[in-house]
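Take a look at these structures.
Heads up, the next two complexes both have subunit A, just with different partners, subunit B and then subunit C.
== the complex of A and B ==
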């Protein structure tokens, strides 16, 4: 056993590197100038890049490590890349944020918390044990509570942190109770053993459904699915923009990774004859696909409808991110590899367009000191390039063709139609139409309304470069998306499943 | 007399009932209390009800020791979570001079 644990360390090198750099980033507070943001930011970037090197050496590895606690497989590999890219982008964004200058003495804590949240997300994507799932979820949650209230002189951020910690602790408590029921029913916390116990034993269906619903509370809170979404708008509006952008991608993607792994590995019926290639069966009697279908319809409809009335840009993007969680959930209902790979493609699109939109909102807040949608009037005349970039990101979020968001939606809907969930696809398309209204409202404000103040506001070279770096893949990947497609189809593979 | 003592056998179901009661009280506390500290206490009740479940299943369910290990981890996590929540509540109190969660409502449309 000791030998196995010793050998396991090779497979968690990325996480180990990140942990070391978590400490090193924190230690930059005692060397160098206290107010400098460059040293901790550089340390964090170095950590992400080095971890990336080790992550890239794990291509194709599929291994169960630490006596079944943790899995390194293509599926978690996909998410690790997403987390690293997001982490690097967020560190770069944070260096340009004016809002964070209020905490200029605490940059090292800030960047180290970004690393610790990423470590938690790594473990969430790969945990194959109920205890491990709970622990990594809490690592992500606790880091994000602190990050949400990091600008602690700002009363809005404090309120966001309070609401986040109360909702978060409550729903993870419910999830823990669900885990305890699952443990009691099967006697196992390991997902693979749990699956076998379900296959053999005669387990009371009602109790296990209650336990699944309790698990869904914790997972649904992480991905901000309706009806567990109440924290999302307040936290996204109150927290610093960089943190909001970070939470909306990393925390949500980690929640989805854990949700997919838990339900797929836990409930797959390996003994059943495959109906067709790339489809799988679940044990009869657990109708959680229906629960998830209902959740996804509720999530996107509520998210899109409430977004129509928003006046604050961050709040609008919060509701839009709720709606996107609904779209992504649709892919899981199909129980096919095609559905899962469509979800993964959508994550790449979501990362690019959502981080881009938040980045422009941050730049506008830096220069114009506003997050109000009405104040975006005439942005097309005053800062043409930022307005153009925001337009691309918003079109991508809607799913309009010359952007990558279209490819994401296209694959989701085609996966649904292939597995005969036409009604769900129709609900999704209708929701996209609703979302067009509020995204285009911002574009209209930027281009079709004459501003009262017509002075030009230019951004510096670095900001323009970052915007270009985010705009280009949004359009280029629409034209040439086959690498992403192949990567997503390959990454569907999980350890121990055919 | 001795017969009544014999019949007081404490089994799995007693623990499960206690934990279910604690769980319900915890949810009730989180939903009804206005004071952030009381909400925290409700959350602690929920976590500890799960702990009782884990240990009872491990002890009476003729299972492995996993449940007891899980409970240990949960105790530590509950402490970490309580520390963060208390720090946030303390900061709220310094900024807004209240710990009533209903009065902290600036972020609304």
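== the complex of A and C ==
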């Protein structure tokens, strides 16, 4: 049911709460600075928690609001939870970051930008209108440009931010061109209407294809798919670790959410029975998913191969995150609900393992003042618990049981095998084997190399607790993964389909 | 349910006892390394006790393989149970354990070798806590592989061993340990992911009614995968002798062959063995290699009988290459440990040759050879460990005339070496004889050429004996002490097994017989398109 504008407000309460707290967090700079430097952080946390309360009241809701601009449905609900959890974790991480200590006078801006990026991500996951898509994408992008260059005393951060802006502007320009083409062809910006127009009208296929490729440039940039990934390593290396971790999860997940929704709602053949199983074969006779398959293979292979030569931990994780985007794309290639639910499962895994890895990297940078993989030598003997946690996260990223990363990969490969994409599955598993080499390189440094300096470096109770909170689900969810599976299956449902 | 202890089945106990031990080891405060050793030893001794209980309660008349009623000590419970959406289908993974005559010898072997391994680890002097915790985790992984009947569970156990093994070689190993450890890890992971893909293919091709609700569902149940009737029409792996079934068989074969290791996937083995600490070499050669051939017999043969029959000949040829190539390489080695490592490749070739013959003699010989080789090669690596501990060198040519210096050691080594050569009266004679006998019926010429391996084995083994024990004792080894009490504790049980099975091989052959006969019959019939007996 479409809702009137007035009625619609009920459905965007989480976004509204976040917007209010965006302002409040910003205002703490004026009001509460003398009380505690962490006041903005607590404000942001409160905002996320309150928004979480409203998000949880949206379970099962499926509505089209604001005249078809925005959708609240299980699919976006899934991503909202991902964004909120990431947001909360990132705020907590940021409070412990030594790197950000230097700019503690600007904490209020920093934390408010975390909120604004999350708002943008919320809208990206739910927008069902081409213009809305573009606007929410820009909200995320602009917030992330500022965040990337936030420690502006650091020359690398400046370079990162500038590169990010230039690439971002270029690719969103192309995307806008794609949107204008689509609008020109169908006269619609609403995805649902657009789908109908596509189904009825005789629209030149080549033009549509060009428009799709242009859209893919914009979305590919957000999810850092090869060949639109060139900004990723520099930005990830230059930005503060917390920001890198944040971008690698929230921004990427939002990009994927939008990608899936755009293609699924825009191009699904609603006349096919059953819809869910239906190939999205608006382009009859042209296997356009091959484009995505090639993108996926390129993304994971380039990501993994380049990661082999990295010596900086953040850069390594940057390339690894590119590779992971490639894995996730594999699920999309199948164009089935099973593939999409596999992607969602993977996001849960990716959040847990990637944030965990970045967190340990941050802690190590705090104490050891280094991000160099060579300096991780003997970490297993100097800080045993941190090294153990990082080992779990890295093996989870590789996808080896008994870690949840394995379940993530397992379901991606399942979806591929079930859709008879055996060749892609083979490329995927070979990539996992390649990735093992560079993840294990870190583990090797931590355990197999004896340190020259054997003094113990312990972390405080809070850090250890935080690591435990991330390690436990990484293992426990492998031993019992039904709930996640169930949630992912349920979350595939989008408004208006079925 | 029968065969329980404290309400939990024997197989769960024997599999997860080491994990309990691991948790205890982790809880022991740093510095109490002696306590950790004793805990590890206690866990493995208890495991042996359970192995003995299983042995005593095992009914040799039951068959197994594809017959759910033929399995013993079965434990089945839902692990993952999800009422999926329509397009997803029901998701169910079972915690399904059970053993038959094929897994019984392997369970015994694992319990025995794990126990011996702890004793051999007694003088590990670096980070004992980590060592014993990982060792026990490895033990669980190995045991799990041999008792799991659900393929998902099997895969989890299979992968579970990778991590501890990597660290055990990498942290406690020799000078080139990093290289050896990562090589081992990459090779085996490559093998495992191939197994993973085949497993997924099978999962989506097989559909059975859910025993609880009758609703049809995909399954990881290995027994269900063996029945051609359970395959969904037009699914990827349905039918007999189709293209994808061949591909899946080959992928699976490579996955298992890397573990065996079969030439040309063997190159990780010499490195891993040379660098690993003694106890880990013992485990590696004693148990891990058998997982490869066990996987072939448990999964590849009965699930892809058509492809197995088709590729039996190439497999036999690979067995021949393993035998002769391994023996020739062993002959060229001057590093004692490397020599034993190559001899393992050679002996595992016998297993491959025997099982590819697909007759009762061949397969019985192969499985018995898996057990016997596990025991004998464990002894051989312990022997190297003893001398390496004392002299810190493994060069065969550095020694000589040790017979007078270390008489007990010489006696043990002679028994082990003669067992490896296949001297009548010692265990490997029986298994090799049966393997060659079976293979000769199916692949006459390959077997004749392979028998060159027997001569070569005798050659390098005797030559090694001569280099180490006979001749002039070098001055610097005049102070070497003989085998001590702890080492004897490790050697004696193995020696008893070697001699006992040499004299009464039927102790082991008898419980295997029904299962292996059934396996041969099943593969022959299903593989040629006939309906299975059961």
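Just so it is clear, the second predicted complex is superposed on the first by the 477 of 498 C-alpha atoms of A that agree within 3 Å, B and C clash if a C-alpha of one lies under 4 Å from a C-alpha of the other, contacts with A are read in each partner's own complex, and residues count from 1 in each chain.
The criterion applied here is as follows: contacts are C-beta pairs under 8 Å (C-beta built on N, C-alpha and C of every residue); 3 or more make two chains touch, one makes a residue touch a chain.
The structure presented is a predicted model; accordingly, all values stated were derived computationally and were not measured.
Quick check for you: in the superposed arrangement, does A:490 touch first (subunit B), second (subunit C), both or neither?
A:490 contacts subunit C only, not subunit B.
Which holds for A:401: it touches subunit B only (first), subunit C only (second), both, or neither?
second
With both complexes overlaid on chain A, does A:481 touch subunit B (first), subunit C (second), both or neither?
second
Give one of first, second, both or neither to describe whether A:291 is in contact with subunit B, with subunit C, with both, or with none.
Neither partner.
Which partner does A:213 reach: the first (subunit B), the second (subunit C), both, or neither?
A:213: touches no partner chain.
Looking at the overlay, does A:169 come into contact with subunit B only (first), subunit C only (second), both, or neither?
First partner only, subunit B.
Just subunit B (first), just subunit C (second), both, or neither: which does A:337 touch?
second
Can you list the residues of subunit A that meet both subunit B and subunit C?
Of subunit A, no residue contacts subunit B in one complex and subunit C in the other.
Give every residue of subunit A touching subunit B within the complex, in rising order.
130-131, 134-135, 138, 142, 145-146, 149, 152-153, 155-156, 158-163, 165-166, 169-170, 173-174, 176-177, 179-181, 183-184, 187-189, 233-234, 237-238, 309-311, 315
Which residues of subunit C touch subunit A in their complex?
Per the touch definition, subunit C meets subunit A at residues 79-82, 84-88, 91, 127, 155-156, 159-160, 162-163, 166-167, 170-171, 177-178, 181-182, 185-186, 189-190, 193-194, 196-197, 200-201, 203-204, 236, 244.
Going by the contact rule at the top, pick out the subunit A residues touching subunit C in the complex.
By the definition above, subunit A touches subunit C via 274, 276-277, 336-338, 341, 381, 395, 400-402, 406, 410, 413-414, 417-418, 420, 422, 425-426, 429-430, 432-433, 436-437, 440, 444, 447-449, 480-482, 485-486, 489-490, 492.
Would you mind writing out the residues of subunit B in touch with subunit A in their complex?
So the residues of subunit B touching subunit A come out as 16, 19, 23, 26, 30, 36, 39-40, 42-43, 46-47, 49-51, 53-54, 56-57, 61, 63-64, 66-67, 69-70, 73-74, 77, 80-81, 84-85, 88-89, 91-92, 95-96, 101, 104-109.
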